[in-house]
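Next come two complexes built around chain A: one with chain B, the other with chain C.
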Partner chain A sequence: MEGIAAAALGIALGGSGLWTLVRRRNVIWKLLGLNVAAGGAILFLVAVAHRPGARPAIEGLGSGPAADPLPQALVLTAIVIHFATLALALVYVIFLTEHRHTQDVHKLEREPEEP
Partner chain B sequence: MNVALTGVLTYLALGVVGLLGRGRLCAALAILAGLAALAAWAPGFPERVMGGLPWGVPVAGDTLALAFWALILFVHAAVLWHERHRTGAFHPLLTLLMGTCLGTVFSRDLFNLYVALELASLLSFLLAGYEGKARAVWASLQYLVLATVGMTLYLFGLGLVYGKLGTLSISEIAVRSPDLSDPALAVGVGLLLAGAAVKGGLFLFGLWLPPAHGYAPTGVSAVLSGVVVKMGAVALARLSEAFPVGPVLVALGILTGFGGLLYALWEQDIKVFLAFHTVSQLGYLLIGFGLGGPAALGAILYAVAHGLFKGLLFLAAGTGIEGMGVRSIPALAGHLSLPVVLGLGVGTWAIVGLPPLAGFAAKGALAAGVPSAAKWVLFALGVGTAASFSKLIPLLRPAGRQGGLGGMGLLMGAVVGFGLWGLAEFSGLMTPGAWGEAFLGAGAGYVLYLAVRRFHPRLPRFTLDRAAVATLLGAVGLALGVLLA
Partner chain C sequence: MRWLAGAAVVALVGLLALGTWGLFPRPPVPSWEEATAAFGARNAVAAIVLGARLWDTLLEVLVYAMALVGVRMVLRPLSRVQPVPPVSETPLLTRAADILLGPIVVFAIYIASSGHLGPGGGFPAGAILGSGLLLLALAKGAERLAQELHEPSLERVEYGAIAALLALGGLILVLSWRGSWLLVGANVLIGLEVAIGAWVVLHHFASSRGEV
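This part shows the complex of A and B:
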């Protein structure tokens, strides 16, 4: 039951994050939406591997069948990647704010004149 | 430890060492190490699981990997030579990016592919905005946002597939011959395809590609269009090995081919025009990978040929823009120096598919492996390519001899050499029919160009929001397509 709830929460986070990404005009808001969506995907990945009653996948902790360790290892990698991507995106936003004096995508999309 | 993976690790290590200093020397050493590794593992190695655990990462060196290694090392060498004046982090980042691509082509694990694609994108964002021009940085940020949307979809798909099948190994999934009439699995596969399609810059998924490739520094455009977008195509090819999604890839290929052409036909900014053409030429690859068998081999050859001549075209166009300070095709006409004109001329001759250059050999090999209905689609794509490249004819009038060929010479040699090798290898290409068809297509393209150049249709511009919505709708479409196919 927790597995299904967590998976549903993951999908809800993904949907709301992507909705924010599409609807907001401010780049920072867009990146926040993207981050929430990525968090949803990560939660979903953990949730689908959930087995009711399984013990943590650590040697010597509890008895009985262990949880599937693979998705947990995968999401660690995914979290690091999303962290790096978000950090770089924010650096670019800082750059654009300094050079174009706006964070509004509609204004950013008007082409500046430069070769 | 496998010699091929040692080659990849050496490449990456030299990229990191280069960040401390002597970036160009490290890049050159990396290319040499890559060549040595390629010579050691060619012509291939069977699948093996790295790590030894039951959850290890399967890798294999097949024809696809072999061809891409040759392409990557060649394009890297040409760009290193062409951009040899650049200092700082440029060459180390490029080395890291190429090393990542070298590793990507071995991967036969869905999650490992995700990591490799993300690493390649992260380095591409850095390089695309490297010169610190506001327009390139904005293009790079758009690229970053859309690529992350794609990879979020990919992760959701990965979760669904893993939940249903309990494995991420491509070969193991293929053995189980998954049943795609199961809605959850079909949606998962659709999302995986959508994520890879975003990375591959396919039409409606990869609308970040034209500005990002168009405004990036010269050598970076060549590498992004020549090599990095193909990694998305590689991921799609791997997915089609695991799941029976051939027809979906063919449909996607047709959409991409003609969608890219539609935009390329009237585009006047030379580098954005070339970038839209990268989108359209990816259509050939997907049609080939989707049909499989001999067509897949043709698609691999076309990927290599396209990497070489599109790299050449981007180097030539970028050099011309740097010399003139303007970007539009009419403004450049009659002002380009001889080396640039040579580069553009050879590249155009090759991409249009005229003998005896690489485009003719690769398109011929691809056409020989597809059923007759698909041949017509490929012919129509070829006519469209010729029509849009006819725009470049006024540029082919040199205005002086200043400047050298740089890395363009290397790629020109490769385009010619590949073409001659293809003529010797495929007997069907030395027939009057094949040559006649190639020139007929080019001629028809020129006539089409004369017919359409008077029109100036207002095609919808793709803003970030529209591109994101297009990606999400495309993902829904793909999931439905997988379910119904």
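This part shows the complex of A and C:
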């Protein structure tokens, strides 16, 4: 039950994050939406690894069926890559703000670049 | 050309479909306890990250390093000439940082070096060490801490850690060495890399906008 609830929450977070990513015009809001969507994906992966009454996938720790270790390893990768790419994206936003003085996507697309 | 590409796509999809239906012989999959013990670990996640999916982890560390190179390249010319004056020091924060820094560093080393036996590993250790550096930056001011840490030598340590990690990965992947010490070494190196990366991001963001 917890697994299904967590998976549903992960999907909802991912959906709302992607909605923000598509609908908002501010770049920072878009990155926030991407951040929330990534959190939803991470929660979904952890929920997939869940089994009712499972123990951690560590030898000699409890008894019974173990949780699936593969999605947990994927989550480890996802978190670190997410941090690095988010930092790089924010740096690009700083660069845009310094040079174009706007964070609105429509203005960035329509107005010509200043020489 | 278009026909060739289409044929290649159809062949690839067909191969994948045949493989999923079980046309090709598959080796028997050992239980995860056996596979974990073969890599010299007891934590199955560590055995996957540093054993079965080591290519993934190595390339992930490379992606991380490339992102850091990007952060450095773009933000270095944008650094403010006259940074905003630092926040005045509070005795509570400086004293707390003094007391907490030692336990944080010891805890990070413990998490990194016991990651193959229990919960932990290189990535959480790096995050813990990075948060310790954030605490120091809050207490001292990022610019002062950057001068004390000496950026060029930090950069050398970072690239050295990546090179050593690639060498360890070669030992595990190409020469198929196994053993707990390989996992401990890889975890410590990954922790070092992640912590230095977190500090680089923190420092460049702080110095381009003023202070922490």
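Operating definition for what follows: the second predicted complex is superposed on the first by the 111 of 115 C-alpha atoms of A that agree within 3 Å, B and C clash if a C-alpha of one lies under 4 Å from a C-alpha of the other, contacts with A are read in each partner's own complex, and residues count from 1 in each chain.
As a working rule, a contact is a pair of C-beta atoms (placed from the backbone, for glycine too) under 8 Å apart; a residue touches a chain by one contact, two chains touch by 3 or more.
Computed from a prediction, not measured in an experiment: that's the story for all the values here.
Q: So in the superposed three-chain picture, is A:Phe95 touching just chain B, just chain C, both, or none of them (first/second/both/neither)?
A: In the superposed model, A:Phe95 contacts both chain B and chain C.
Q: Of the two partner chains, chain B (first) and chain C (second), which one does A:Ala84 touch, if any: first, second, both, or neither?
A: both
Q: Regarding the shared-chain residue A:Ile4, is it in contact with chain B (first), chain C (second), both, or neither?
A: A:Ile4 contacts neither chain B nor chain C.
Q: Go through the superposed model and pick first if A:Lys30 touches only chain B, second if only chain C, both, or neither.
A: It touches chain B, and chain C stays clear.
Q: Looking at A:Gln72 after the superposition, I want to know if it touches chain B, chain C, both of them or none. Which is it: first, second, both, neither?
A: second
Q: If you count the residues of chain A that each partner touches, which comes out higher, chain B or chain C?
A: After superposing on chain A, more of chain A is contacted by B.
Q: Which partner chains sit in contact with A:Pro56 here, chain B, chain C, both or neither? Use first/second/both/neither.
A: After superposing on A, A:Pro56 lies in contact with chain C but is clear of chain B.
Q: Quick one: classify A:Ile42 as touching chain B (first), chain C (second), both or neither.
A: First partner only, chain B.
Q: Return first, second, both or neither, reflecting whether A:Leu108 touches chain B, chain C, both chains, or no partner chain.
A: After superposing on A, A:Leu108 lies in contact with chain B but is clear of chain C.
Q: Residues on chain A in contact with chain B in one complex and with chain C in the other?
A: Dual-contact residues (chain A): 69-70, 73, 77, 81, 84-85, 88, 92, 95.
Q: Please name which positions on chain A make contact with chain C in the complex.
A: 56-61, 66, 69-70, 72-73, 76-77, 79-81, 83-85, 87-88, 90-92, 94-95, 98
Q: Would you pull the chain B residues touching chain A in the complex into a rising list?
A: 55, 111, 114-115, 118-119, 121-122, 125-126, 129, 132-135, 137-138, 140-141, 144-145, 148-149, 151-152, 155-156, 158-160, 162-163, 168, 321, 325-327, 463-465, 468-469, 472
Q: Would you tell me which residues of chain C are touching chain A in their complex?
A: Touch list, chain C to chain A: 32-33, 36-37, 42-45, 47-49, 53, 56-57, 60, 63-64, 67-68, 70-71, 74-75, 78, 117-119, 121, 123, 194, 197-198, 201, 204-205, 208-209.
Q: Once bound in the complex, which stretches of chain A touch chain B?
A: 7, 10-11, 14, 17-18, 21-22, 27, 30-31, 34, 37-38, 40-42, 44-45, 47-49, 69-71, 73-74, 77-78, 81-82, 84-85, 88-89, 92-93, 95-96, 99-100, 105-106, 108-109, 111-112, 114-115
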